[in-house]
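By written order: A, B, C, D, E and F. Residues from 1 in each chain.
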Amino acid sequence: MANMKKTLGLAALTTALMALPAFAADAPKLDAGDTAWMMTSSALVLFMTLPGLALFYGGMVRTKNMLSVLMQCSLITGLVMVLWTLYGYSMAFGETSGALAPYWGGLGKAFLHGVSMNSVSGTIPEYVFFVFQMTFAVITPALIIGAFVERVKLSGLMLFVGLWVTFVYFPIAHMVWGGDGLFFAKGAMDFAGGTVVHINAGIAGFVGCLVIGKRIGYGKENMAPHSVTMTMIGASILWVGWFGFNAGSALAANGTAGLAMINTFIATGAALLSWSATEALVRGKASMLGAASGMVAGLVAITPACGFVGPIGGLILGLLVSPICFFFVTTVKSKFGYDDSLDVFGVHCVGGIVGALFTGIFAAASLGGVGYAEGQTMGGQFMVQVEAVVTTLIWSGVGSFILYKIADAVFGMRVDADSEREGLDITSHGEVAYHY
Amino acid sequence: MKLIIAAIKPFKLEEVREALTAIGVRGMMVTEIKGFGSQSGHTEIYRGAEYAVNFVPKVKLEIVVSDGLADQVVETIQTTAKTDKIGDGKIFVLDVASAVRVRTGETNEDAL
Amino acid sequence: MANMKKTLGLAALTTALMALPAFAADAPKLDAGDTAWMMTSSALVLFMTLPGLALFYGGMVRTKNMLSVLMQCSLITGLVMVLWTLYGYSMAFGETSGALAPYWGGLGKAFLHGVSMNSVSGTIPEYVFFVFQMTFAVITPALIIGAFVERVKLSGLMLFVGLWVTFVYFPIAHMVWGGDGLFFAKGAMDFAGGTVVHINAGIAGFVGCLVIGKRIGYGKENMAPHSVTMTMIGASILWVGWFGFNAGSALAANGTAGLAMINTFIATGAALLSWSATEALVRGKASMLGAASGMVAGLVAITPACGFVGPIGGLILGLLVSPICFFFVTTVKSKFGYDDSLDVFGVHCVGGIVGALFTGIFAAASLGGVGYAEGQTMGGQFMVQVEAVVTTLIWSGVGSFILYKIADAVFGMRVDADSEREGLDITSHGEVAYHY
Amino acid sequence: MANMKKTLGLAALTTALMALPAFAADAPKLDAGDTAWMMTSSALVLFMTLPGLALFYGGMVRTKNMLSVLMQCSLITGLVMVLWTLYGYSMAFGETSGALAPYWGGLGKAFLHGVSMNSVSGTIPEYVFFVFQMTFAVITPALIIGAFVERVKLSGLMLFVGLWVTFVYFPIAHMVWGGDGLFFAKGAMDFAGGTVVHINAGIAGFVGCLVIGKRIGYGKENMAPHSVTMTMIGASILWVGWFGFNAGSALAANGTAGLAMINTFIATGAALLSWSATEALVRGKASMLGAASGMVAGLVAITPACGFVGPIGGLILGLLVSPICFFFVTTVKSKFGYDDSLDVFGVHCVGGIVGALFTGIFAAASLGGVGYAEGQTMGGQFMVQVEAVVTTLIWSGVGSFILYKIADAVFGMRVDADSEREGLDITSHGEVAYHY
Amino acid sequence: MKLIIAAIKPFKLEEVREALTAIGVRGMMVTEIKGFGSQSGHTEIYRGAEYAVNFVPKVKLEIVVSDGLADQVVETIQTTAKTDKIGDGKIFVLDVASAVRVRTGETNEDAL
Amino acid sequence: MKLIIAAIKPFKLEEVREALTAIGVRGMMVTEIKGFGSQSGHTEIYRGAEYAVNFVPKVKLEIVVSDGLADQVVETIQTTAKTDKIGDGKIFVLDVASAVRVRTGETNEDAL
């Protein structure tokens, strides 16, 4: 998301942004309207994870694993909130000096040290800024699990998540969003976290499904979603919540938020349509699961772009992303045979990359976008975007691999075969989802 | 006594039940089953994965009647459940050695 | 919804409204509080359609058609968003001159031409105004499908919806809400779209179920709702989302929005109770499906009234509407034997008419309402309301009939009998809703 | 919730609060940002009841009683809204004089007499204040039903609820929140209604399950939740909606709201984790139902505390509450053998008490809280909290007992054994929840 | 060997299973069925539409036992499942020609 | 003709169906059941309440075949459904008196 400093940085270069009243004020002062919107946005982003993402994913697994998915999302939520409070916020948004300053924010704000009810961040209470950012830290690792549900071991997963947010997410968040962060200087455009959240989680999931291996019976047994209804509810909630994610990333209720919002509507509607159209062309029938996948693909792709591209750019981006993701979740996945169970890679990583790259293009003022920083060209910006994507893929890919191995060595990352057969709900949680 | 087992199309259940009641059948057990036969199933596709579902939803009736009524029951089911399309179902008849009504302990034909 | 011009027009006549600070400002200037509320409202109205309406309807169909309902709502959402962006917004809210100006807004704002991040509409970004209005355009055709679910053909439906929004919805929206619109001059009171949305969709659905015909087995086979739970979830989400629909129609976070909100609470609670009481009296038992129906009936009836009548007026309107709708969905429907499967006519059209007519009465200052325009009497206003209702019924009824026939000729509006028997989920979408 | 007067009262004593701009203004004037937040909050609290609480509870009952739970929540919503409009608001927030003034607000505002679109309460329309408070009055009796679902008789329940809000809830709300209320003078700290809502409902439920008796087959037959999925959805919605409940209780979008919000996030995340950890330690497995219970326990405990304690205090409170509630719903309940079916006592009453008492401790400025009123000490405040808790337990416990007996004498509070066996959905409502 | 088929009230399942275990039954198949009999169903109304549901939820047990045990099984079910109310259920006994245990290939009484 | 009733592990269904098709079985009825046997169930805990679930999900096949095919069907099921773990299931064979195809009225072996 565009934190204050970042937005101010870009604003200096973009006349459009300078006209907004919010930026006219010199000394930051709490604004009730902005605060209202950011509290709403924070609630919306939590809503995305619980129950949004949990249902989107949960609907796609078999009944016997439903609760394990809901539970993994819930526990990740609790764990990351606690870690964020203890040191995560400080690592990501604290300020430190010295050689490590580009990589983390230090521990100065650990345990919310020095932050009070009267602390203000931009025009909103710092507490609200804290929770808004926290909801991003929560959903990112929750996204990862889609790649290896139905077989992952809970203790190993929780250890992995604790390590991953500490060594991958918090540092990357600092590098991208922290005013003195490493990537910030390079001028990569990522309005609401396409890189930090989606590419990051997508590649971590991909590595995870390779490390953990395929489900027993994969490709042979029927692994049809146990409730496409739940998946549709989840996707819809994701859409609604994503307005908080994207328009909330303006950190104010202003014209930029309005731009992020209109894009989050139009690109998603377009992606929904184009996924369905692709299915109709390729298979003769458009499925609800496809439409839900299209919604999410559109949301992912517009995330980095939503505050930079114009609505027609958003529309085109939405139309483009679905066929590309469709190609990955059908052709590419089946060709290489990895079991990325709920297509975290095919939708989040690929959709995130498509979004990041096209942001570099559609941000051009000539294409209806807000324009580039002074002196930057489309080609130049595109290369910056490529660099940001590649760096994230490598950092998160390699980091995740190491952390999976550690968690695997300590607790194991996979349940035994009998438990997998019987289902994680009974074997890991001692309960079953439905008694109709 | 005979046990008559019939697999029929689900939407025919109500009609068959009425027809059987009309000829004096006073009880039955109905189960939703997956039928496999010459009627073909369908294909489901979820993202990349394609599943051929070879089973078709059917309803199974199990009815115990006196020997005397058995033929009529079979015939009634056959004529009522028939739609002349593939997958209309089958009827099987088995011998029953004895029957008991739980509530009263009555046995055999008295139990039906 | 009360667009700026309209509200200002009424405000000139109503001292109550003049007192509001929002209207004191001369030059429109972005207000963060109003923007926060309108972004929230836009998200809420999308929430009404996905997953709200989709679940409300989907719960009432048989399992084999669940996904088809969810899918129809999703695809309509995507399609109308794209059309709204391309030309719908311009047709409805653009400005043009000449003889056709009362009927449409021209194509001046097609592709969002001339609208930028800095464009302001009232006190909110025009982008936010755009998306708020878009969510109304989305839900209206989605409401229609309830009349003919479980048998409608997808391709025919999508063609119909595309035509219908273009030739029925966009023009009516312009006529009612556009400052130079035909009906606007007549002074019809419709705060949040009772006419444009509910009567319009209700009559279109009614014509649709007559054109398309009854479901196979209608009246003989058991067509009980496959999940009243989903219907209840959907109705609840509709209620929550409707605060965006109604209070958002004030286009600001002010006293008028507060009035719309209190009415949306009270009328709905009252209608829920009175539907249940009616059932208890007539049948001895009050059902959950009835309570959910009552909620929706109350919401529909209060829609035109919410910014004009006082809370006690709203309470009475809520108590009245349910028995009337109950009479239509039970006695009238069974007497005439049409298969309006989910009672789009009986709830939306009838409820909308009840609301529109009583708005003309309860708006009287003597009855706690905001009062009429200068010189208008209760009788006079009532006749204006009747005229608006009748005009909409005819325009939409006839228009829809023609468009159904066109769609039927091109693609067909109904699936074949075998597909209907087997269910639309498998035959139209190649998937099934549940694998428990 | 902290109504204006109360907050002002405390503010006078607390320098921290005095710094907030909202309190600088002399004459109250409508603020669009505050209004936006309070309208959002009102919608969120309705969302908590419908469908949040309804699903949280409904998922835990057997299929045959699902609709009865949804229906009880719905009917209570409608009934309390109507009563609140007729006289409840006046009783709770009206102003009267004389000896009874500490106990109720009189009938001066019955039927919303004297309240108009232009009435302002603090910085928001009084209509919005009205609906926000109404949503609290709605959810409190709905909470009670969890103690005796699956056997309660609808007519008796509705009579009980009507009596209960009139003689227990409205007076207690006045005593606690009314500026001239009895308890107000004593200085009890209860930010968002831990006493009025949770302890109050919890003890009423407890008395109810004793009066009504155990379910047939309790302790012998399998009474496993019919859908833990629905319970998880409900708990998640409760969490999201609770931001309206807690942060909305600041009645403005300011730093206090931000504090309430951060606590509502962190305490809940911590409680979710600590419930799961407790289960893992005691039983070897952490269940989804447990995590959902932990969420709710955390939300309940933080309710009185959220505007007074610091985030680390909130974190610790969250960690503490779950093991305590766990002990009550497992050991204590099974030891005493009462059938508090969905643990209204064990979670809401116990959690509410834990929250109320710890509020008295963690509010200390030395522990990161906002500090006590001038001259108050930690020990002194703790005793005030104890007194408030005990008074509520007695008032509500005794009052509820009498009202159950009245309702039982008039209509009966329990269905007959055959209806209970067959399930309330068919026997009380004439419908069944699912036809898969 | 005999196949004993019983339709009983669902809430009696656990009790019956325990009673049967006590007399030495070591296996059974349990199916949720819709029963039709003299116990009447109920009416559901959804908005205008009224549906008479003639079926009542029952549980069907299928148990194969040696001939020697059969009578005792029938009696145990009858006495345990009995509530003296209409709809308590029925028990039917059929002859079984042979039995096999999948895991070991053991046959007939050894397979039970 | 014989009615072959088999209780097997659910994930073996597809494999068994294919194996049976290969030897000429052209139809069957499949029901999801709860099995009780030596394979133990599991325990579920919901807040305070602990439930021992003694049943294990199984799939029941019912297949009517000509007398000649019966042995081969039993053998095929036995070898295909076998995993050598407890709970693999049972196969029972009963005599069938007659069979009818609903669509055509064909009887006995012609009906299969």
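Please note the rule applied: a contact is a pair of C-beta atoms (placed from the backbone, for glycine too) under 8 Å apart; a residue touches a chain by one contact, two chains touch by 3 or more.
Nothing here was measured: the structure is a model prediction, and the numbers come from that model.
Engineer: Show me the overlap between the contact partners of chain A and those of chain F.
Structural biologist: B, D
Engineer: Between chain C and chain D, two touching copies, which fits better, same or different residues at the interface, with half of the numbers shared as the threshold?
Structural biologist: different
Engineer: Nearest whole angstrom, what separates the Cα centre of chain A from the Cα centre of chain B?
Structural biologist: 52
Engineer: So the centre of each chain is just the mean of its C-alpha atoms; given that, what is the distance between chain B and chain F in Å?
Structural biologist: Measuring from centre to centre gives 17 Å for this pair.
Engineer: Which parts of chain C, given as residue numbers and ranges, touch two or more other chains?
Structural biologist: Within chain C, the residues that touch at least two other chains are 31-34, 36-37, 40, 222, 224-225, 283, 285, 287, 289, 430-432, 434, 436.
Engineer: Name the residues of chain E that each touch 2 or more other chains.
Structural biologist: Within chain E, the residues that touch at least two other chains are 31, 44-46, 94-95.
Engineer: Given which chains touch which, is the overall layout a line, a ring, a star, complete, or other?
Structural biologist: Here the contact pattern is something else, fitting no line, ring, star or complete shape.
Engineer: Go ahead and list every pair of chains that touch.
Structural biologist: Every pair of chains in contact is listed here: A-B, A-C, A-D, A-F, B-C, B-E, B-F, C-D, C-E, D-E, D-F, E-F.
Engineer: Which part of chain A faces chain F closely enough to touch in the complex?
Structural biologist: Of all residues in chain A, those touching chain F are 217, 220-222, 421-422, 426, 430-432.
Engineer: Using the touch definition from the top, list the residues of chain E that touch chain D in their complex.
Structural biologist: 11, 14, 42-46
Engineer: What residues on chain F touch chain B, complex-wise?
Structural biologist: 1, 3, 17, 26-31, 62, 64, 94-103, 105, 111-112
Engineer: Please output the residues of chain C touching chain D within their complex, sorted ascending.
Structural biologist: The contact residues of chain C facing chain D are 16, 19-22, 31-34, 36-37, 40, 44, 62-63, 222, 224-229, 232-233, 236-237, 239-240, 243-244, 247, 252-259, 261-262, 265-266, 269-270, 272-273, 276, 283, 285-289, 291-292, 294-295, 310-312, 315, 370, 434, 436.
Engineer: Taking the touch rule as given, give the residues of chain A at its contact with chain D in the complex, in rising order.
Structural biologist: Touch residues, chain A against chain D: 29-37, 39-40, 42-43, 46-47, 50-51, 54-55, 58, 66-67, 70-71, 74-75, 77-82, 85, 111-112, 116-118, 124-128, 130-131, 134, 154, 230, 428-436.
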